[in-house]
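Each of the next two complexes has chain A plus one more chain, namely chain B in the first and chain C in the second.
Here is the complex of A and B:
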């Protein structure tokens, strides 16, 4: 109780609790919508499973085995109860437990998203910084062009082009993901991570450039130069640190999108992530997998946004004061 | 300069990866390792419940049954060494081969065969295939209706003898034994009352063992104690690749040895002399046809309307213009590879004036007075769409009949089909076993489970019944031919459009890949050897 009171009294703690409390109705809403949509959509996994050979009798037996003959609210209540225990049952389409699909999925999607956001942040902050320092010079123009291209080229165009160049023409990289104990995962991750990183890198470049230009024109930078602080120290310690809030926000939202937006790349590179698992499930009306992946995507997105909101006051104490 | 350095570093890193690992040619690939993609994760690991062809191809390396096909599509003994048929054709006595080992090392006996069949019939497994394949066994209904737990018609006489009783004599019944629901599983390993869901629950006698099942691939490893001697391949790798473009890229880059080619990739293959050498055209025992439902769309109850439709479809143009000759024009119903196939049977001719006349005689001159009609086909494939669009055009131009197009998701379409709710459709029928019965009596007999068209012709039924019971093969085929002529020429209940040919790429390093008319046989003799260079 004492702890709870202390948490509630601290402004950050109260905010976190409020946000966490809101996730519950959000998740209920999201899962309910997917449940109802799934029920209304044409497509019946029992009929699919019965195939050309199974008649009505077989379809009924399969529906019974899958539990699809029970009313919607019973199935939903059961789903909520099991999901609360991280238990999602068995896939309707393949001989697998949903937990197994989802856990493998989180590992792969998480690894690619984290690598991509690291790469994107590095490239984006570097290019954005260079562009801001040498504003309107060749480096700036190049960085801006890169960023425009990065935002414009969609993944599904970039993926086949890069696969053609690096995997087929130059023959340096593999076409698709494979568990390879000899070479390890890294070589298989180069293309997907690079492609996933392009768009966030472009966004971060833009934001870093704008934010740095803004900071560099402030009085305290001139003061720093005037009192003889070395150039790079001024840039990194004074300018970059003070430009970091919008950049961090962009990194956070990008991470959210990377975690929940890897459908195309995972499908193209055969990566058994959450994205390809959910696409596959949607195509085959595999309801338990659809439910589980939607729920996890929602949780991931909410969690990343919450994390960013918590990190920002650490970077810039003024935000905490504002919240209080 | 600032950008050149990291770029060069990147290129150097890539060079360090070494060319060859993913490359065309032999350097990175080992001998006796065979890789070919599967378009989906397997739908089942259980032969009792498996229904789709891709998964069956995977499971057939692992599980097997009492009989096998030869390369000339005849039945030959496998786990059963021989069998006797009683005078009344109702009782089969199988002599089980001695010394056959399960992957666990235990010897397989007649008890395992009985266990496997009873298990497949168990309603708890909800197998979609047994209602069709096992219904002839005495005692099957009782198990299905939960009155009994084992089929009284399947008896173990001793460890190596199994007696099977049928409800009525059927010449083609032994062919059913090659269907997966009759395959033999290890009763010590597989779950008795639910389907196999884990690698550890797979227990069988086939030439390969399932050793790995990962989200994106399966690995099969040679079973050294296989009853015909170990296979030549050490390992088969099956990546699950949904995207056809990626599958093609994996073949091009040398990661795959065998590929089902999509027709849209044909041009790219023919333009590449290296790839073109690997191209194969393989007939499938399958027919694509137009079907009419006599109740759902009442005008189809008139024979002349169906004949008019049949004579208004320009099949020649479909084959030549849409498929560039890749498929074969279907005159009749029985496809190549199935006994009784007649390459010279032409069916009803393409004759628009005669078709118009027939339609007018039926009371719909110029298509006037016909209620609205839609043509159903599956949405996820190109070929049915192309053909359906052409049929729509033909019927409009030649008969003045407006037909709407109704592409549907596969499961939705299947559901409507099973309920007999498709008035006019374009679908495929693929052989389950190589016998004309599977295309005629099985599909169009008045009492056939698959006859959802409300089609009934006593003469057709009589010919089929007689043929199904006839043991003289030549006479049988003759009877089926007569039935086929009634269905196609006189009643025009189906309009056969084309027999399917598949395009494949197979690397020249692959040897010994055997096929029957039904498709590839287990990879027991298949091998891959890369020239050392």
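Here is the complex of A and C:
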């Protein structure tokens, strides 16, 4: 209790608790939407599960077994309870369990998203920083053009064009994903990761530039110059650290685009990830799989943004000093 | 340079509109089979033919019609919803603000087009499913923006003056608040249309958007992808026109924002 009071009294602690508490209604919201969507899905899941030859009795039996006769709120509670235990029932089309399908998918999707966000953060912060330091010069113009193109060129345009250049014309990289124990996964990941990274890299470039320009015009930067701090030390220790908050926020929201971008990239490169599983399920009207994949994507997105928000006080020099 | 990009984009979009309206009628219809598949560009089929021997020029034009129709109508619906939610939250009672904004925040829990994919997945892919799904995801970002704008407008002196003179809330909203939002809305609308066109093409690329035989740039890219080893042109046309459209809409949006909001011009 004493600890709780102390946490609540410190500004950072209260902020963290409020942020954590806010996650609960958000989770309720997304589970409710996905549950309702599944419930509104056309057709009777019991009839589909019973198949063509299932008679009325078989359907009733399956309905009873699947618990479809119970009231809505009971089934919602069960849906949440099961989802929390990573249990999504059975696929309507294949005899496989849904969690088996999504578990294999999540590894591919997660690996690509992680690599892409690392690449995008590196490229974005570097380009944005360069653009801010040499503002209105050639480097800046190039970085801004890159960022505009990166935001505007869709990844499903970029994917076939780059595949044409690197896989067909230059013949250096594979056209699509293949499970290849000989060459390892990396050569197959180059194009997907690079294409996935483009849009977040562009967004992070834009935000880093704006944030750094803002920071570089502050008084403490002039003070740092005036007292003789070397140029690069000023940039990295003083300017970049103080610009990190909006940049990190952008990294968090970019991950949302990465997750949904995986629908396109996995379809384009035939990667058996969560995104392609979801699209496959939509084509086959396999509602439990659609529900599960969408829910996982949304929960991952919330988790990453929660993580970013919780990390922000650690990287923001102002908040830390304020708390001390 | 900025002026050139802006006016260049305006001209491009005007041409695109003409293309969408008249393109499908110029030589061949978009569903008409005019020859064997994958004919090279010629006097008859200006941009060549697709996998079923249909005129690519005509199909691109019809795709433009589909994209613009969905983009403009979805954004119109989105703006209307955003205006109601935004002014309601910004101008209305505090409890209304809380309820509306919490709901809007909830919508942001679904990143990008995820919710649209869920909706299309449940309803089944069709023109109206795409329209509805995109309308659902279009309004929250605009609502949040408009609400912030309304909140700051509400505190302005001309609003206080108008209230002091005895004006009712409806008068203030329609005569003083809404006219001030026009500039912002027109700038945001352009970028929003670009986003929706992009989303529609993404869904079509994935095969869960507008269904064949109706052409869409996204599905044209997807089918042309499979033959790019032998013929790259059918892939290039839709890629080119889609990218240019998105760029042009963004440039016009940026230009409009600079015009209406002097503060943003300096930031670049």
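Operating definition for what follows: the second predicted complex is superposed on the first by the 230 of 324 C-alpha atoms of A that agree within 3 Å, B and C clash if a C-alpha of one lies under 4 Å from a C-alpha of the other, contacts with A are read in each partner's own complex, and residues count from 1 in each chain.
Keep in mind that, in the parts below, contacts are C-beta pairs under 8 Å (C-beta built on N, C-alpha and C of every residue); 3 or more make two chains touch, one makes a residue touch a chain.
Since the structure is predicted, the reported quantities are computational estimates derived from the model, not experimental observations.
When the shared chain is aligned, no partner comes close enough to touch A:202: not chain B, not chain C. Of the two partner chains, chain B is the only one touched by A:280; chain C is not.
Applying the stated contact rule after C-alpha superposition, one finds that A:42 touches each of chain B and chain C. In the superposed pair of complexes, A:168 makes contact with chain B and with chain C alike. With both structures placed on the common chain, the touch criterion links A:94 to chain B but leaves chain C unconnected.
In the superposed pair of complexes, A:268 makes contact with chain B and with chain C alike. Once the two complexes are overlaid on the shared chain, A:142 sits against chain B while remaining clear of chain C. When the shared chain is aligned, chain B comes close enough to touch A:58, but chain C does not.
Of the two partner chains, chain C is the only one that A:260 touches; chain B does not reach it. Within chain A, the residues touched by chain B in the first complex and by chain C in the second are 42, 160, 163-164, 168, 267-268, 285. Chain B contributes residues 2-3, 14-15, 17, 19, 21-24, 41-46, 51-52, 123-124, 126-129, 131-132, 195-198, 214-217, 239-243, 245-246, 249-250, 252-253, 255, 408-412, 414-415, 418-419, 429-430, 432, 449 to its touches with chain A in the complex. Residues of chain A that touch chain C in their complex: 25-26, 29-30, 33-34, 37-38, 40-42, 144, 148-149, 151-154, 156-157, 160-161, 163-164, 168, 210, 213, 253, 255-257, 259-261, 263-264, 267-268, 278-279, 281-283, 285, 287, 290, 294, 297-298, 301-302.
Chain A contributes residues 42-45, 47-59, 61-62, 64-65, 90, 93-96, 101, 104, 130, 139, 142, 160, 163-164, 166-168, 170-179, 183, 187, 267-272, 276-277, 280, 285 to its touches with chain B in the complex.
Contact residues on chain C toward chain A in their complex (touch as defined above): 102, 105-106, 109-115, 117-122, 124-125, 194, 198, 201-202, 205-208, 218, 221-222, 224-225, 228-229, 232, 235, 239, 242-243, 246-247, 250, 267-268.
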